[in-house]
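Sending over a structure as structure tokens; questions will come in a sec.
A, B, C, D and E label the chains in the order they appear, each numbered from 1.
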Amino acid sequence: MARAPLRTDRLIGSVISHFFLMLGAGFILLPFVWMLLTSIRPASEVFTAGFNPIPSSFAAGTNYSEALTKSPLLQYMWNGVLVCAGILAVQLLVAIPGGYALAKLSFRAQPVVFGLVLFGLTVPVQVTALPIYIALANLNLLNTYFAIMLPFFLSVFGIFLFRQFFKSFPQEIIHAARLDGFTEAEIILRIITPSAVPAIAAFAVFSITSHWNDLYWPLIVTTSADHATPPLGMMIFRDQETGSNYGALMAGAAIITAPLILVFLFAQRQFVRGITMTGVK
Amino acid sequence: MDRRTLLQSAAGFAALGLMSPMIARAQSGVELVVTHCFPGHDGFHTEIANAFMAANPDVKISFTNSPPTYEEGHSLILRQALTNQLPDVYYSGFHLLPPLSRQLTERGQITHLDSFLATEGDAWKTENYSPRILDLGNFDGKQMAMPFNTSTPIFYFNEELVTQAGGDPANFPDTWEGVFELAAKIDALGDDVDGFYMGIHTEAGDWFWQALVYSNGGELMDAAEKTVAFGDEKGLAALTLTKRMVDEGKMNLRENQQGVQQFYAGKTGILVQSTAGLRATTDSVGTNFTLRTARYPLADATNGRLPTGGNAQVILTTDPAKLDAAWRFSKWVSGPEGQTVAVKFSGYMPTSLVAEQEQYLGAFYKENPNYTTSVGQIPVARKWFGYPGKNSNKIIDIQRENINLAMRGEMPVAEVLAKMVADTQGLI
Amino acid sequence: MSHLELTGLSKSFGTTRVLNDVSLSVRDGEFLTLVGASGCGKSTILRVIAGLEPQDSGSVQIGGRSVDHLRPKQRNVAMVFQSYALYPHMSVAENMSMPLVMQRLNLAERLPLIGRLSPNRRRVMTGIAAEVDTVARQLQIEALLTRKPAQLSGGQRQRVALGRSMVRHPDVFLMDEPLSNLDAKLRVHMRAELTDLHRRLGVTFIYVTHDQVEAMTMSDRVALMDEGRIVQLGTPSDLYHNPSDLRVARFIGSPQINIVSGTTTGQGIRVGEALLPITVSCPAGQVVSVGLRPEALSLDPVAGRPHVAARLTRVENLGAEVFLHFALQESGAPLVLRATLQDYERHKTRLEAAVALGVECARALVFDGAGHRVDHASRAAQRVAVPA
Amino acid sequence: MTVALNTARVSPGRNAQMRAEALAGYAFATPALILIIVLLIAPIVVVFLLSLTDYQLGALDWSWVGLTNYSDMLGDRVFLRSLGNTFIYVAIVVPGSVILGLVVAILVQERTKSKAIYQTIFFLPVTTTLIAMSVVWHFLLNPALGPVTSLARALGFSDFDVFGDPDLVLVGLAVIGIWQLVGFNMILFLAGLTAIPRDLYDAADIDGADGAWDRFARVTWPMLGPTTLFVVVTTTITAFRVFDTVAVITRGNPQGRSDVLLYTLYKVGFQDFNMGPASAMTIAFLVFVLVVALAQAFIIDKRTHY
Amino acid sequence: MSGLSFHDVSKRFGQATVVDRFTLNVAEGEFVALVGPSGCGKTTSLRMLAGLEEASAGRVMVGARDVTDLPARERNLAMVFQSYALYPHLTAAENIGFALSLQGLGKATIKDRVQRAADRLGIGHLLGRRPKELSGGQRQRVAVARCIVREPAAFLFDEPLSNLDAKLRGTARIEIARLQKSLGITTLYVTHDQVEAMTMADRVVLMEAGRIRQIGTPMDLYHHPVDLFAATFLGSPAMNLLPGEVRHADGEIRFLSAGLDLRLAGTVRCAPGQVTLGLRPEALERLPPGPNRIAISGIVEHVEHLGAETLVQFAVQGAPGTVMTARVPGGWAVRAREPVALSAAQTALHLFDATGAAVPLHFTGPAQASADRLVPA
């Protein structure tokens, strides 16, 4: 039987796999491409029939400046930075020690706490929103950064993730540290945390993207623009009553998405490693 | 355990004792906190408020974030009522005014306007507002709100497509029969061209259904709001119209926004929409085609009416120190200064009689005849109806499903109507 | 003084008994090895001594005082782990100075930023650095001080781990299979280095391994463990030449000891057709196991001396010596004989057929049905000279 | 559990280390525990209590109604329909995003230079704002103007109206759901794939595994068992929570065929303000998700014996 | 069953050449071990034969068939991996029968053949277990059974014993060797452990840095290493080395190193120059120096008692810094810091020139006979 050399087989395989990957990538990227194209189109061209990638007149300036000036988008993005940073900081402060306690320390309540964490994974934010809202209101805390951040201080996902990650951390190193005289807190601070950089990166990507993009909760607890987060800045262009300004909406979307893509690109290597090392099994 | 303790215990567990509220508002003169729905309205609200503040330096207007819909705004206000976080002034959708004013009156968290109107005097009243407009904000015998934005459904059409189909843009049909005939011709112009679109089967509320029933001279409920009233032949005519849109008007049952987008793209001949979207539609259409508007046909020329969309301003503050400023603001926004801006920005109909005068909107209307269509419909505008009870949204959802059944031909229209009446009655 | 005393240690994980009433006394400065198959409980003992795991009962004394109530760091023991357990994000110098930092700086001074404000801190740190340098020089790793563990070879990591335990001048060194992650060549080398280190430091070493060669070559005394108990405690040569138990005989020695089963008679022990003139104290007719180290068999049967008939099955030629694998003629039981290359060459042609293998009965080890050693007269009389 | 039992048996004072460890365990778990109680347990208790009342948001009086809300719910057409729709949505999104995620992961895994690029592209949807992306999808799937339909038309398919056709609407929403989840699942699968020893593929090659399919069916798929189940559980939980796309694009239309649990719950609670029934639905929703998650976790436990 | 051969096979990864012009013929039924330090290219060579790596150049043959371009599955070779590569989700029986099921054989046939193969390795009772439930030794046997069940053209082993502990390794290597002989199947065996190579193989291929350094029988390599590398790689403890110089003076041939002066006169013919002298540990004996023996003494540094034998490390007197290891029978009670006097037969000496190549030693006189005797016929 005549046979093509292995190299050719492999080449064909690679071409086929690229073909499917590009097809998939096309599917994934389609909305982004359209977002960018729309963000540089004048309103009248957005709906011209057909799929003409190149706009006949550029309205990038108008759309982007409208996105930035009509709503205090920059202010919102700054709020977003503060809120995401605050949430992430508290989440890490809670989840790293919590994850360590669940993974490496033995205490009687451990299974109960872990059970609660697993339970928490299934509870969507909508369930707890109203009681927390009322509590915040009674404490006179609405319209504060604190109110936007509070429900997310607890990330059961984070606790779970760090627990999984720490599970695979060599027990011997912790033993060595105890022999060396580290207190448990110092083990967390000086041994566990530096080793958890990939997990922190992975977690940060999830945390930042979801709270940067969150619309639901900020809309409930903030009524002034002082604390609003980025998606609220886009709401102004999306109006069911009078019709949406698609160009500015997409420009706004592009503006607020860009930092996240940068964050992801920056953390990508660590992120993938973090996910891999937490051993999703 | 009563509600109070329930809520207090809810608060108790969250008593983290970490922060005190740091909402220290700069108090130079009076500050009014204002909430309106639709972030898209921010533009004209800000402009109006700026002008107001320039004229009234002692008053500071500050806006909260805008809820994206009337429903969400309503929910926001109710939550804030619970927690005493209410703004001083709020713009409520007309259909939500009855529950809002009733609940807040009960809680003592709203100020009715009768005494202010009395102070201004009747002459002022008649000079500025038509009684029909004022009535939109009047419930249980009290003036609860000053109407701000009002709208009626109108027809938008694509002049080029109408012409191509042999229609006359200058004499747009004023009967459904004429509309459907024209729509069918437009539809025949090409595979990718639709004749007619009205998102009655997919819209958010039941405004279009109300328009169909009212324009046929029908009623949704009896005067006591106990019994469903659209089970009659007028209701049947209304529901039959939906079926005819599909059969005769060749309407595709697209999702609402997609139907609208299709019109923007110049691929739909006739679109039924609120006049409120005129400005946005004009912008979106741009140079794609020539946008024209026409009046909504009244099947019953004498008793036919149209529901008034839009919103009215309520004063929620009960603080005597703020009331005067709030009333001044109320007068301003519903007066010619406010209305001029709002109309130009949206396409809404003015609520102020004065605003229609030459120095305000007169010139604008002459230059933009599309904007006058709805003004012509003011005489037939009536209140936007809201169902009583707990299930108003559910009623609307169920009705919409029934309308779909009729339009999709899955059930004879008469049967659907009977079912729809029964479903509605069951939920009241 | 740092002699170490374990009394009645027991521990279970769930229903598994990992330590079963273990008592052990380790002299000050002794090198004691715990050896046994994996799962025998040897590592658990180490962790109990260190205080990393609690015992269910029993007590640990170091230098005459009970340490049961002390935390690991208070027991002044150092431990070298199988995986070395170096802190991956710290340099070698940091790894090595950690125990001293923890000892000499108080909690506030150890804090990341605030700690730097303390004037005491710098003085202490300078002192520590000097000590680390000294130890690093001793271990010849002074050139590696700035590297991270990931940049080190296995042998280097091993030395850093040693260094980290040395800087503390502990009373007791605990070593948990420290050589098992090294390759064969390096392992041989490190064996010598470790014993050398022990001699120089003169401190008590407790060393855990599953490798009998390590146990044999390095220790003053060896405790062989099985199923959570110490089976035999003695010098390496004791364990090799005088195993008290069949398990010990099997575990120690490579190639493994030959075990043939035989029956006691009045004249000796019958193995197949051969009668080995070994008189044991147990009654006749009992089945016993006769252990014969490979060197207790010879290719040159002297007339009149006992021998067994066997058939050669395989030759393993290692160059320096040859392992000859036989099957016992009657039972087919395997026997390994250790011969020099010269001996093998001399007998090569004879080995093609069944041969008689000489048995040095004086070196035979007899075990009863329960696996316990049974002493016998011939052995007692001709006790081989054992190295001290 | 065994760990806890052991700890229990060691009497305090027996071992300083164990005591210190337990103490530290409690200390480190306390912040998490407090937050769990304050932000999770207590609100759920409040919601449960509300589900036993007829409380309407803003109303001044209310009363206990026992389990009426629950029994009403079981007879409520809209609720039952949302439940059904949610299950259909889950039934499309879970296999869709899991299988696609797996396929992409396998293809991406084999790439060397372009791996990072593909990885980033497929992960992009996770980083974006859904309200903007829903608008975009809405347009992309526009039956007359959208590029997807023009492409379909160019390829000779008949027109389809994703969000207008009652039979297609859940499929359309599911496509968006899949679009969002594929990248995430891909990352999880990539993690699982890296953990498969290369030796197994070599062994399969030598054993006579014939090409990619055999390798996949005989090695990859069985070896990914635990990962797959994890992915399925997380995807299921996520899919159950579908809300944004429905709220932004279809609002339950057409004919309620895109009503899903959380959206219905939202309408009842936040548009009709019927907190009692909404709370009952919330509790029901929680129970559903919990049951599904527990069932899957149980299977994971049984399946991860290798 | 058939022979195996490599013809000028090379493997390059980018710039690095991992295997350089590897040529080897393995006869039918022969057991050949590839041995060398890690990274020497032995595993890569094996994998190229198996079809798991592509050869950058050259051809590989199984019997008369050129399999260079065939995928692994068509080469009819069986392989045991270092990690055993058992499928964790399959039972032992399914693992063993995996290849057969891929061939589409009937269930009964598979069951029968699996049972026979398993019985042969003494794991017949473990067939229902999964790899996780097996010990290291049992897994290793399952891996071997998986190979023999297929009746392949040849066996390939990639360090199959390196994951076993020392004890098991000893028994397993005998088992494998025995099995190979009884099946008579061609075997290529990769290991870094010289003991395995020496004890199991018919021929040993010693590799370093991608090249073959020496091919020969184990005894060839042990007794006639072609260079320093081969000399030190084989044998444990390693050969003792002593750098120095060979001088011809006064009709004598002398080896000089620091203060050491060994006379080789009259027995050895050897060119003068810088050399390294090699002496295996077992060549150092507690015998008095005599004719044709050289004396080496020193101070004991370290003693390792292994029971039957004792390893004595001592500092060589006259050569400061040089430590040699002697391997002596177990009965000798020697202690650290004591002096020792040992001697070695001249026939046991190895000399290597400055490049490391072995210098042929030509013995004259009566020692000749004994030197020849060292080499097995």
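Methods note: contacts are C-beta pairs under 8 Å (C-beta built on N, C-alpha and C of every residue); 3 or more make two chains touch, one makes a residue touch a chain.
These figures come from a predicted structure and were not determined experimentally.
**Student:** If each hop has to land on a touching chain, what is the smallest number of hops from chain B to chain D?
**Tutor:** When the steps are counted carefully, the minimum from chain B to chain D is 1.
**Student:** Sort the chain pairs by how many C-beta pairs are in contact and tell me the top one.
**Tutor:** Chains joined by the most C-beta contact pairs: A-D.
**Student:** Rounded to a whole Å, what is the gap between the Cα centroids of chain A and chain B?
**Tutor:** 37
**Student:** Measure off the straight-line distance from the CA centroid of chain A to the CA centroid of chain E, and report it in whole Å.
**Tutor:** 56
**Student:** Taking the mean of the CA coordinates per chain, how far is chain B from chain C in Å?
**Tutor:** Centre separation, chain B to chain C: 89 Å.
**Student:** Using mean CA coordinates as chain centres, what's the gap between chain B and chain E in Å?
**Tutor:** One centre to the other, that is 91 Å.
**Student:** If I count partner chains per residue in chain A, which residues reach a count of at least 2?
**Tutor:** 47, 49, 131-132, 150, 178, 183, 235, 238, 244, 246
**Student:** Multi-chain contacts in chain D: which residues touch at least two other chains?
**Tutor:** In chain D, the residues touching two or more other chains are 6, 17-18, 20, 42-43, 46, 139, 144-145.
**Student:** Specify, in ascending order, the residues of chain B that touch 2 or more different other chains.
**Tutor:** Only 10, 13-14, 16, 72, 79, 82, 192, 204, 261-262, 265, 267 qualify.
**Student:** Which of the residues in chain D come into contact with chain E in the complex?
**Tutor:** 197, 199-200, 202-210, 214, 218-219, 222-223, 225, 305-306
**Student:** Can you name the residues of chain A that touch chain B in the complex?
**Tutor:** Listed in rising order, the residues of chain A that touch chain B are 42-49, 70-71, 131-144, 146, 150, 219-220, 222-225, 228, 232, 235-246.
**Student:** Inside the complex, what are the residues of chain B that reach chain A?
**Tutor:** Against chain A, chain B makes touches at 7-8, 10-16, 18-23, 35, 37-43, 62-69, 72, 76, 79-80, 82-85, 87, 192, 204, 260-262, 264-267, 274, 276-277, 279-281, 283-288, 346-347.
**Student:** Please output the residues of chain C touching chain D within their complex, sorted ascending.
**Tutor:** Chain C residues touching chain D: 13-14, 51-56, 68-72, 74.
**Student:** Which chain C residues qualify as touching chain A in the complex?
**Tutor:** Contact set of chain C toward chain A: 47, 50, 52, 71-73, 77-79, 81-83, 85-89, 98-99, 102-103, 107, 110, 112, 164.
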